[in-house]
Each structure stands twice: as C-alpha cells, then as structure tokens.
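For clarity, chains are labelled A, B, C and D in written order, and residue numbers in each chain start from 1.
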Amino acid sequence: MSTTKFKGIIAYPITPFSRETGGVDVSSLRRSIERLIADGVHAIAPLGSTGECAYLTDDEWDEVAECATKTVSGRVPVVVGISDLTTHNAIRRAVFAERAGADAVMVLPVSYWKLTEAEIRGHYAAIAKAINIPIMVYNNPATSGIDMSPRFIADLVRDIDNVTMVKESSGDVQRMHELRQLSDGAIPFYNGCNPIALEALAAGASGWCTAAPNLIPELNLHLYHAVAAGQMDIAREVFYRQLPMLKFILSLGLPATIKAGLRLQGFDVGAPRKPLQELTGEAIVELGRLLDQVRNQ
Amino acid sequence: MSTTKFKGIIAYPITPFSRETGGVDVSSLRRSIERLIADGVHAIAPLGSTGECAYLTDDEWDEVAECATKTVSGRVPVVVGISDLTTHNAIRRAVFAERAGADAVMVLPVSYWKLTEAEIRGHYAAIAKAINIPIMVYNNPATSGIDMSPRFIADLVRDIDNVTMVKESSGDVQRMHELRQLSDGAIPFYNGCNPIALEALAAGASGWCTAAPNLIPELNLHLYHAVAAGQMDIAREVFYRQLPMLKFILSLGLPATIKAGLRLQGFDVGAPRKPLQELTGEAIVELGRLLDQVRNQ
Amino acid sequence: MSTTKFKGIIAYPITPFSRETGGVDVSSLRRSIERLIADGVHAIAPLGSTGECAYLTDDEWDEVAECATKTVSGRVPVVVGISDLTTHNAIRRAVFAERAGADAVMVLPVSYWKLTEAEIRGHYAAIAKAINIPIMVYNNPATSGIDMSPRFIADLVRDIDNVTMVKESSGDVQRMHELRQLSDGAIPFYNGCNPIALEALAAGASGWCTAAPNLIPELNLHLYHAVAAGQMDIAREVFYRQLPMLKFILSLGLPATIKAGLRLQGFDVGAPRKPLQELTGEAIVELGRLLDQVRNQ
Amino acid sequence: MSTTKFKGIIAYPITPFSRETGGVDVSSLRRSIERLIADGVHAIAPLGSTGECAYLTDDEWDEVAECATKTVSGRVPVVVGISDLTTHNAIRRAVFAERAGADAVMVLPVSYWKLTEAEIRGHYAAIAKAINIPIMVYNNPATSGIDMSPRFIADLVRDIDNVTMVKESSGDVQRMHELRQLSDGAIPFYNGCNPIALEALAAGASGWCTAAPNLIPELNLHLYHAVAAGQMDIAREVFYRQLPMLKFILSLGLPATIKAGLRLQGFDVGAPRKPLQELTGEAIVELGRLLDQVRNQ
C-alpha cells in the first residue's frame, strides 16, 4: 500500500465554530482549507488535535470529515483523524472517512484507562480490517496518556497490512532513530512536535505534521525545502526565526492559539469548545507581536 | 452544604454489559448494587472509572444513572460520576444525576488537551452553578492526564460553594497532608488509590473510594474499622492480607479485573467495552488464586 | 545477626565546623550528640547525609567516626554512615567504624556513574565481607542518583549475611509494603523521608531515621510512641503539628536548616561546607517562626 | 575571552589503570592521547566522566592532569575536567590545570545534596575567580543529579567573565535552542549526548564532546564534516551507521565500554575502578560485533 504521497508539510486545519450557535461553521472550514492549499502545503489533515476532534458530537464529526474531503477534492492528499474512545465508534469514523474520499486515516489510541499493548493492537487491527486505505499510527503521550514504544509501533506496521505511517509527537528525536533502525529505513515517520522540526527533518522525517501553516505557511515550507536542499545555514536561520511561534502555539494549546492568530489575521473562526477557552489579554498581545516579527523579517 | 454523609467505604460498581447485545445489562447492574449494599458498604458511586463512564453513549449513561439511584433508593448515599470531555455535556449529566436523586456528583477534569487552571476552574464553576448538590473534585492524573495541585484544589473548594469534597487518586499521601494543612482540616478528603488505603486512613482520610468491595468487601470494611479504632496491629494485618488483591486490580485495570472476579464468583456481568479487553489465561488464574487466599484466611 | 537493637527514633547529628579554621569542631560534635541522648532518642547515626559525610576529607571522616562512637559509648546503639565513591574507601571506612565501636554501618550506593545491579551488589558484598557488624542498606535516589527496587534490596538482604536492615528514603510508602511482602515481614525497614513519618510508622516501620531531633526531639518521640500505642488521633495531631518543620528542613537541605536551627537555639555549629551555603534572610525568619510555633503549642 | 579554539570533535580519553597495582598507568594514558591526536580529533578533554575523574584520589588527579596537558603539548586545545564535591578542592584542581597548561576547564556541579541556584552560582564564581582560562559549564543531570535550566546557564555565562562555553548532556535538543535564543546565538554550545549528535550539529552545536573517538574516530569526524558541508544524506548515512555503537557505549557506561573496546583493539588500559566493573560475557561479544560492523562498512 503506497504511502509515498504523504511528504512535506502536512497541515492541520482548525474546526471553526459559529459564535452564534456554537455549531460547526462549514463555510469557514472550507475557507480555512482553501487558504492552506493556496499557501502551498503538501497535504491536509482535518480532525486532528488542532481540529478539536475530541470535542465534537458524532454528527459534527461526520460533517467536518465530509466537508474537508470534498473541499480538498484531490488537489492534495487528505489524512483524516478518526480517533475515538471506543473501538466501535473509531471504526465507524474510519469507514465514513474512506467513503468520503480520504487518502488515509490517522489513529491516536485515546482512552480513559491506560491500554495494554494487546488492547492497542486490537484497536488498530479492528480499524484496519474495516477499511482499505492506509493508517497513520499517531503517538502522542501528552494528549492520549498512552506512550507506544518504537518497537511496539514497528511491530504494528509489520503485522497489520494497512498500518504504514507513523506520526511521532513525543518530542524525542531518538524515537525516530529507533523507528528507522527497527525497519531498516522502511517505515516513513512524520514529526508531530513543532519545536523539533529542524532536527526531525535532519534525522530523515518524511514530513512535518503541523498546525503552524494556518499562521506562518511560508516559514514552514521554507524550512522543509532548506533541509531537503542541504542548506543548513538557511535551515537554521529559518528555524530559529519561527521557533518562538512554534513554542508559543504548543505551550498555550493549538486550538486556542491558532484560532486567535487567525482572528488577528482578520479571519474569525470562533472560539474553541469548552472547557477549552479563548486566548485572552497578554497572550493575544504576545501572539500579535510574534506575528508582526515574522512579517517584518 | 453538608458532606458528613460521605465517609467510610465508598463502593464503585461496574457497569454490566450484555454478552448478546453489548448494551447495558440493567438487571445485573441492580444486582451488583444490591450485593454491595448487603455487604455493608457506606456509599455507592456509579459511573466512575470502574463503571466505564468514559465508554458509554449518552443514552447508556442516563440509563445507568437512573437505575443506580433508583436501586439504592436512599438506603446509603450515592455519588454519581458525571465526567465528560465537554463542559456542555458534563453539565447535562450533572443535572440529570441531581434529578435522578444523587446525593452528590464526582467530577474528574477529563479532556483531550491539557487544561489550564482557568479552564479547569471554569469547568467546575459551570457545573456547580447548574446543580444544588455537592461536588466531589476528583484528581487522577493517571487517567485524566491532568494533575491538580492541592493548592489549586483547595482554592476550588474555597471559591465554589458546592465543591466540598476531594478524592485524591494520585497515590501521593503528601497531597492529603497538604489539603489538610491548607484548609486547617476543613476539607474532607477521600483516598482513591487502593494500595495506600492504610496510610490514607492513618493520615485522616474521611473515606476510601474503591472498587474492591465488589470482590472483598469484608476486608475493606475491616481495615476501615480497625484504623478508626486505633487497632493498628490488626489494621496492618488486614491491610497486608488484601494488598496483593488491591495491587492486582489496579495494575490490570479495574473494569477488566472486577468483572473477571465477579465471574469467578459466579456472577457474569459481561466484558468491558472495546478497546478494553477481558482478562485472559494466567491473569484469571492469578485472580482466582488471590480470591482463594482471601477466603481461606 | 541481631538487629533488634535499632528501633524508634534514630537521630542524625550534624558535623560542626569551626568558623575560624573551617575544620571539624570536635567539642561541638560531642555536645550535639549529648543533647540528642539527653533528649531520649533511641539511636545515633553520625556521618549520614545530615552529617555532610560526602564533603569531608578522609582524615576528617575518621575524626568524626571516632569521636561519635566514643561520645555515645554504648549508651544507645550507633550506626555510622560509611558511604564513599570508591569501594576501596568505603571498605576502609567500614573497617574503621567497626574498630571504633559502631553497632552497624549504613551504606548508600553513591557513585558518579549510575551503577548496574551487579556493581551495587559487588559494592555491598565487598564491604560486608570486610566487617562483622550489620549493614543498613540505604536507598535515597534523590541524593545518590541510584534507585534500588524493593526486590533488589530484598535479594541483597537474603544473599549477604550481614546486610540486615533497610532505610528507605524514596518517600514512596509502597516500597515499604513491598519489602514487607517480599520477606514475609522479616526485613526491618526504617523510614528516611521525614514528611511521611506518620504513614511509615502506620505501615510497620521499625524506626524513623531523622535529623529532626536536633531541633524538635519531643515531637518526634511523641509521634513514635502515639502510633505504637494505637492512639491515632494523637498521632495525627502531633504529626500535623510538626509537619511544616519536617517539610521545611527537607526542602531547604538538612545540613543548612539544622545548623541554622541550632544557632537559633543558641548553639552555633558553624556553616555547612561549600558549595552548600548557610541559610539566609527570610529562610531564617521562617525557621524561627516554625520553632516558636512548636514551642508555644 | 576567546573560545573559538574549541570546535569540532572534542575527545575524552579514558584514565588507564595498571592491572598490577591498580594505580594510574601514565604511559598508557600518553599512548591513548597520542592515538586520538593521530586520528585527527580537534581537542582533548582529560578527566571527564569517561576519565573516571570522580574515582581518583587527589594525587592521581594531579598526575593525570599533568600528564595529559604535557602530552598534548599545544598540538590541539585541552579542556580539563576539574569537578569535585567541595568548592575548595574544585578550585585547587582548576588552578592546577591552568598551571599545567590547560586551555580551559570543564565544571560539572557535582554534589551530594541537590544544590540551590545560589549554591551553584557561588561554586562557579569561586572557581572562575581563581583562574584566568575559560570555563565550560557542564550540564549532565544523569550523573550530577542537578539539572541547570538554559536560562540559569545563560545567566552564568552573562554574569561570570570566564564562563564562556556550555556542554549540554541532558539529551534534550530544545535546551540548545533555548541557549541560542537566550544569547542571540552568542553562547557556543557543545553536545555531550552521543545519540543526538546529528541533531545537535544540525541545530548549530559548535562541537561534539565524546568518548567515541577512542574507538571510531573516523566515523565521528565524518559526521561532523558532512553536517558542516550540508551533505545531509551522507550525514544521515554516517550517523545511523555509528548510532548502534553510540547507544551501546552510553547504555553500558563509558569507562567500561571504551576500555573494553580498546582491549578488543589490542590496547589494554586496565579495568574501571570499583564499584565500576569491567564489561563481561555477552556485552563484550556485542561490542566486538559492533566494531566489526563499522570496520566492514
């Protein structure tokens, strides 16, 4: 099952909510995806952490999945986040995404109870069996509470046919080394931790999964291309220029910071859903300062 | 708002599922609660971690809340777990629980994104405002991914009228010390970490929130009464006797182990919901061995 | 090899330094030990963490070991800390301590490199072979950087004849549970983490290894006797009364805080050795306040 | 104070011990340094972690410092590790190193007690005042038990004149980002964590402090030059080739693994000092296999 289509900057759109009804704002969703494609990102990943996947009802989730795939309409590859607390509903979402035209699905083993390796394996296997598109394993202990070792992940890729890609968000570049070594370089891995983007690309990551292109697409793309071209002085310069922004959006939460940044850029996509809160006061000022800095460089 | 009614052994029933339909098995739920009351526990806490609250649909959740409160019917106090990912639905559940007759609700700040203190505070305040029964703050970083400091918790209790009790499951008895010191002993705290039950009671915990009474109620109650009576030799003896069981059910997950234990005792309450898996092979043998040991002592 | 002699409050004297020469102040050392014995502690433990063992030259170490054992002169048992970076010098110190009349030696596996279990085992075995008095294994990951599991410690006690006691300072009361379970209650364990003294004694600790008796001996002894008598209400009251002091001396470092406290009580034992620094400003004021509180209760 | 002389591969020699007397084997020390220089490393760093600095007597330490500086004799820069538990002796060693001709000294804040920032600052300031050569701050929480934040380190560099370089061994490349950002790129930082050498160089590290050149100098130098030249494909290839060796020597301890490797290469430099133990059995076989792999590629 080919996964070569996913490389470069894989951009995570937010899920806009109406300030009146609180419901999904489909027209803003379309617009946010059009912006990303126009800016040149290499792939679109709706319903990830940034897309507040965890806070949507099933009907809303379906609406976003449908709208995102239709909006992209094959111009770039689409990977849809289908994570859910029960295996039953994760399967339902995966099937829905495939039917809607997704090129791949991304699965984080979210759970309330810490899952055993057998339970995680069972979860992935059941989803994989229900669809015919590739699965991107997503390791993000900070949000899921579950940390999958590189060896365990490599076993999943080896044992389950359509599990073919790995997104690592633990922030430990040595995990990427291990994935590469355990598979003799055969498993494509993607970086999901913004502040180590430079190093992950240097270490051989196939792509960078990031919400940052909503705000600073040109810098993200520039970094990717500079490392690919071996222009390390430029890569470092471009990386350290965007690093304050990358750290800011990570430390204050992607939905709140990206939505606030879009508003500062004149595009109001509503507030994140409670218990998440909108950025306020000093944080907005700081974000504005960071955006100005980038613009003036 | 009085909370003196909650003390002693607060028992967490499982949520039984039908092996045929996979749906909630209401009649087994009733029976499991009757067993606990007959065994003498001091309070009942449906829809906690053990009750697989996180894996139920909204309809199922309502069904369990309704059935549990009606079954208990005032014989002992009831505290209902209403935790949910969105503030909106947590409020809906809290209101439902109050109407169904709950004496209190328990709230864990579950979320996908790590919440800021302002977000946690907003979550509790919004729930508290919607109901007139007491709220038990529940700190369990292992399942929620969010660790609330004793100082933050003490502030919640001070600032929000019907936040009146604290369940600490971090396993760090020094958190209990701090809660006591920060409130001059005014905040009742409850132990939610089974393997430190002896020490938490020695340190002044008002009660022990535990799923263990589903399997070994007499030992749990004996420990509570021995510490209360200052019979520390007996307390130690009874504690070390049940400790292997307390560690076993914690390490392999409460829904899976309690359900397997009930089945070994002749009461089949179905499997936990996927991705959770039933106990198998050696783990069941070990559990049987632990149950036999307890019975023969 | 009998270890029944060590139980109750095992007090750790500081090592006084002359403010003029910086050298060991032997006469103050004698006086500090006489104070502890007069106050009724059950055993004396020179050259521990509090005694700044790690910062002494070999000549100074010998001087303190000699003076401490001679001063006690059999009135209570003495356990001498002989920890050193090389096995060679740890053996030299152990032999010296035995000749000087120590009843036991305490050994922390201090090292620069993390030691493997084989290296730790070799270290203890080599020391044990060189002496005929009991060894107290000391686990304190915060200072040694090495964390020995209860199972590994229980193996040491089983395999090496004169390794007979365990001092646990990790602060995790569950380690004590494991030691008890792994040895069917045969291994005497001692608590070295001041802020969990109440719980460790409740869990069956044979004694409490502490520097606190330099400042508040009556409260330490009261706690020990109250738990032993099953007077848990009194035990809690006495424990929470001394807890602010126990936390203070731990958080700011035992040598600095105990020396500052003695000075406030009119007994100047000099400064801790650089890089350690004397307590200053607000910290001294806070310590004075804590001492006054205790006195006035 | 110029520090431009230190860049590239900074090699850490072992300290050889005689198998007969256990004392320092000065002639093997000379030979090990000559090997490194002949292999083309850019600087020599005696008495580091690899040099078992912590396990030497003062006389031995002096002997090694003297011998190492005289052997190098200005052919490449020398940075001498002068870390010691007391500030007094660290100063003595720093002065000795300067007189012996060292170009710089490296200081790790080793201690028994966790040091406060004021204590660490006092330690560095006192050493800096006593010498006129640059100081390399060394952060290695795994061995020292003390973790200095990038901000604290940047403050040290700003406030103390001859503190001019930073060796980061925490393994977290984000620390390097922070050092760079806090100083606008003015603080030269060096990587001390072997398994992230590729990423540290990509991030702009001035050099790589490593014991690996004792065994695989050509691969270490090749990696450094490939990154410098922007040949990232080659850099990755060379890095992943040596990574198994870099991980092996870190996980089993540098003194034991480097000494075993040198012996396999026909150069017996004795055993590490107890409690450290020589590599045995399977570990030696594995090391031989790794060395063969490198040779045959």
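Criterion: a residue touches a chain if its C-beta (ideal position, glycine included) is under 8 Å from a C-beta of that chain, and two chains touch if they have at least 3 such contacts.
This structure is a prediction, so every number in the text was calculated from the model and none was measured.
For the pair chain B and chain D, chains touching both partners: A, C. Comparing the centres of all chains, each the average of its CA atoms, the largest separation from chain A belongs to C.
If each chain is reduced to the centroid of its CA atoms, chain A and chain D end up 39 Å from each other.
Chain A and chain C have Cα centroids lying 52 Å from one another. One finds 35 Å separating the Cα centroids of chain A and chain B.
In chain D, no residue reaches two or more other chains under the touch definition.
By the touch criterion given at the top, residues 49, 52-55, 85-88, 109-116, 118-120, 122-123, 126, 142-143, 145, 253-255, 273-277 of chain A touch chain B in their complex.
Taken together, the chain B residues at the contact with chain C in this complex read 171, 173-174, 177, 180-181, 185, 195-196, 198-199, 202-204, 227, 230-233, 235-236, 240, 243-244.
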